[in-house]
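Here it is: the structure, laid out below.
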Amino acid sequence: MRFALVVQGAPFSGASFSAYHFANAVITTGHELYRVFFYQDGVYSGNALSVPPQDEWDIQLKWEQLHLRHDVELIVCIASSLRRGLLDSTEAERYDKPAHNLGSAFEISGLGQLIDASLNSDRVITFGPC
Amino acid sequence: MILHTVNKSPLRESSLGSCLQFMAQADAIVLLEDGVYAAIKNVDFGLGAASGRVYALESDIKARGLDARLRDDIKVIGYEDFVTLCTEYDVVKSWS
Amino acid sequence: MKRILFVQSKAPHGGLQGQEGLDAVLMGSAFAECTVLLLDDGIFQVLSGQDTGALGTKDYAVTYRALSDYGVDRIYCSRDHLEARGLSTGDLLVKVDPLSDDEVKALMAHHDVILNF
Amino acid sequence: MILHTVNKSPLRESSLGSCLQFMAQADAIVLLEDGVYAAIKNVDFGLGAASGRVYALESDIKARGLDARLRDDIKVIGYEDFVTLCTEYDVVKSWS
Amino acid sequence: MKRILFVQSKAPHGGLQGQEGLDAVLMGSAFAECTVLLLDDGIFQVLSGQDTGALGTKDYAVTYRALSDYGVDRIYCSRDHLEARGLSTGDLLVKVDPLSDDEVKALMAHHDVILNF
Amino acid sequence: MRFALVVQGAPFSGASFSAYHFANAVITTGHELYRVFFYQDGVYSGNALSVPPQDEWDIQLKWEQLHLRHDVELIVCIASSLRRGLLDSTEAERYDKPAHNLGSAFEISGLGQLIDASLNSDRVITFGPC
């Protein structure tokens, strides 16, 4: 079966952790992970500048490893990420901001990717906001 | 048939209440994150109506120290069981 | 054609869930048969008379009126949740059909995907 | 004397309930952000017990379209009144 | 010496409020007379038997045991909220004094500053 | 009277807006604003890369203007901001991150500033998290 995940909660609300565990389970049980769409506060998971303490997970790094190992598509919604200050180099340039902070494993795209995921997956699982 | 997921504590937010209100007979519930507090024994959060069809994620149960404090009609599952459950229901609806 | 149900359950202005949920409906309307269901505090999003001038957040509720232009002509709510807030459909800025609990259950079962905000 | 502030909707979260539970006779409440929904008329959220000592922020009331839908014992204030209120009570306690 | 009351009201692991609230208590203990009050789901923060190994969040609850070394020897909770969760003090990993509603009111009034998490 | 504000909610939860309105009112009513301490998700208010739509407030800019006009001290807690990826140039260097994103009006400091504010202000007002 083909799964799409929607992550709407900020990294520390648990939503991103749960989605990460679920994403791994989809792969280990032999199903297909079509797309992980980070929306609303979920986009904060893509912040490459986060420095968690040693005894805590770096959820941004976890998602990056999953992307590299299993070629999972990680999309952050452009409207949500602009508002919240998650920029890649293109958006940083467009709005002449001095820096960008989106992890390389994450790709900025529009809400169309959420709808496309809904139309082309068998199951869409939402990991809720606070 | 719908698989409902709830990730909020029943004493703090209304998510579980609304879920139970609109849950059909054949539907099931997965409690995750703070939602697992609804599975605590000796307190009635209305889960009796869905008895036998309520699952709770093990990692969230353990993190919160609830493993020895659960109602006996709660089915504790891992993430791989959660994925399988999603394939057994037509739609997954999250209450947050 | 897949049917997508958008469930709005958060109050407006105390967070962006409602506004960003509505954005998703607008996008979805171009590709699928979309229906909006207002539950819990989501009902407050279509309360008439909102004026965010002093606050600084966006007065996005008017966009609900544009939904029919986008082919989304069905907006439902839970009658129980509407009444629990001391409101009637007359208080709302757009036409909303109140549903009984069983009708809400049927509506949810009728859809292929449920997106939640 | 304590000035309590509540910024969560009473139907969605337990913050107002806890505030009312631990509010002393001489204390007062300021409703702000989503907390102003507790001031809606025709619905009882327990504010009667604090009648005459419940304030609500005008900008939040207006943003949510509640100005014509309030209980008549709610005092609608601006931010400058809110500051003054804080000076009239010994401690300010937020419920969120 | 100013008296600061730290109120913990959120469950652990579903967010950082509890953990970051406890950090604030530790810092405060060096400069002021600090007391901790557990209300609502804050009581769950001191439930015994927590094991976050599989989850990835920090097992910070043990730090509550170190509070007395920091001179914070008073941890209170609402008896009503404890019982509403089907718990007793025996379920907790640190000594906590349950208070009646009136005692909670008196405790709050007894402090100069109340910090909330 | 001397006021200290604690902002614990993320920018769009309303907490930062309310705190900003309150801060202005403290000044216009002739009181003293000792410090605004951003803690937990409140630190996101300091993100200089945020790009809100035209018809919405840029709360980071509003705080910056308040700082410049009335010399208000804006402190973001280091523990919270490191975890959430809000870095100034010093912290970016220390953890060899490629960029920093904290607005210049904001200063990174420790929890001691929260306690100091509690001890040296007449009133401490918290603008709560979600």
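So that you can tell them apart, the chains are marked A, B, C, D, E and F in the order they are listed, and the count of residues begins at 1 in each.
Throughout what follows, a residue touches a chain if its C-beta (ideal position, glycine included) is under 8 Å from a C-beta of that chain, and two chains touch if they have at least 3 such contacts.
Being a predicted model, the structure only gives us computed values, none of them experimental.
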*Computing the C-alpha centre of each chain, which chain sits at the greatest distance from chain E?*
C
*asked:* As a test of understanding: of all chains, whose mean C-alpha position lies farthest from that of chain D?
replied: A
*Over half of interface residue numbers shared between chain A and chain F means same, under half means different, so which is it?*
same
_Need the CA-centroid distance for the pair chain C / chain E, whole Å please._
39
*asked:* I'd like to verify one number: the distance from the centre of chain A to the centre of chain C, where each centre is the average of its C-alpha atoms, in whole angstrom.
replied: 25
*Please compute the C-alpha centroid of chain A, do the same for chain F, then give the distance between them in whole Å.*
26
_Where in chain C do residues touch at least two different other chains?_
13-16, 40, 55, 57, 113-114, 116
_Residues within chain B bordering two or more other chains_ = 7, 11-12, 14, 33-34, 59-60, 91-92, 94-96
*Pull out every residue in chain F that's touching 2 or more other chains.*
8, 12-14, 53, 56, 83, 124, 126, 128-130
_Taking the top-of-page definition of touch, could you list the pairs of chains it picks out?_
A-B, A-C, A-E, A-F, B-C, B-D, B-E, C-D, C-F, D-E, D-F, E-F
*Which part of chain A faces chain F closely enough to touch in the complex?*
10-12, 41, 44, 47-53, 56, 60, 82-87, 91-92, 95, 97-101, 130
*If you look only at chain C, which of its residues touch chain B in the complex?*
7, 9, 39-40, 78, 80-81, 101, 104-105, 108-109, 111-114, 116
*Of chain D, residues touching chain E in the complex*: 1-2, 14, 18, 21-24, 90-96
*Residue ranges of chain D in contact with chain C within the complex*: 7-9, 11-12, 33-34, 37, 40-43, 58-60, 62-69
*Any idea which chain A residues touch chain E in the complex?*
12-14, 17, 53, 55-57, 59, 130
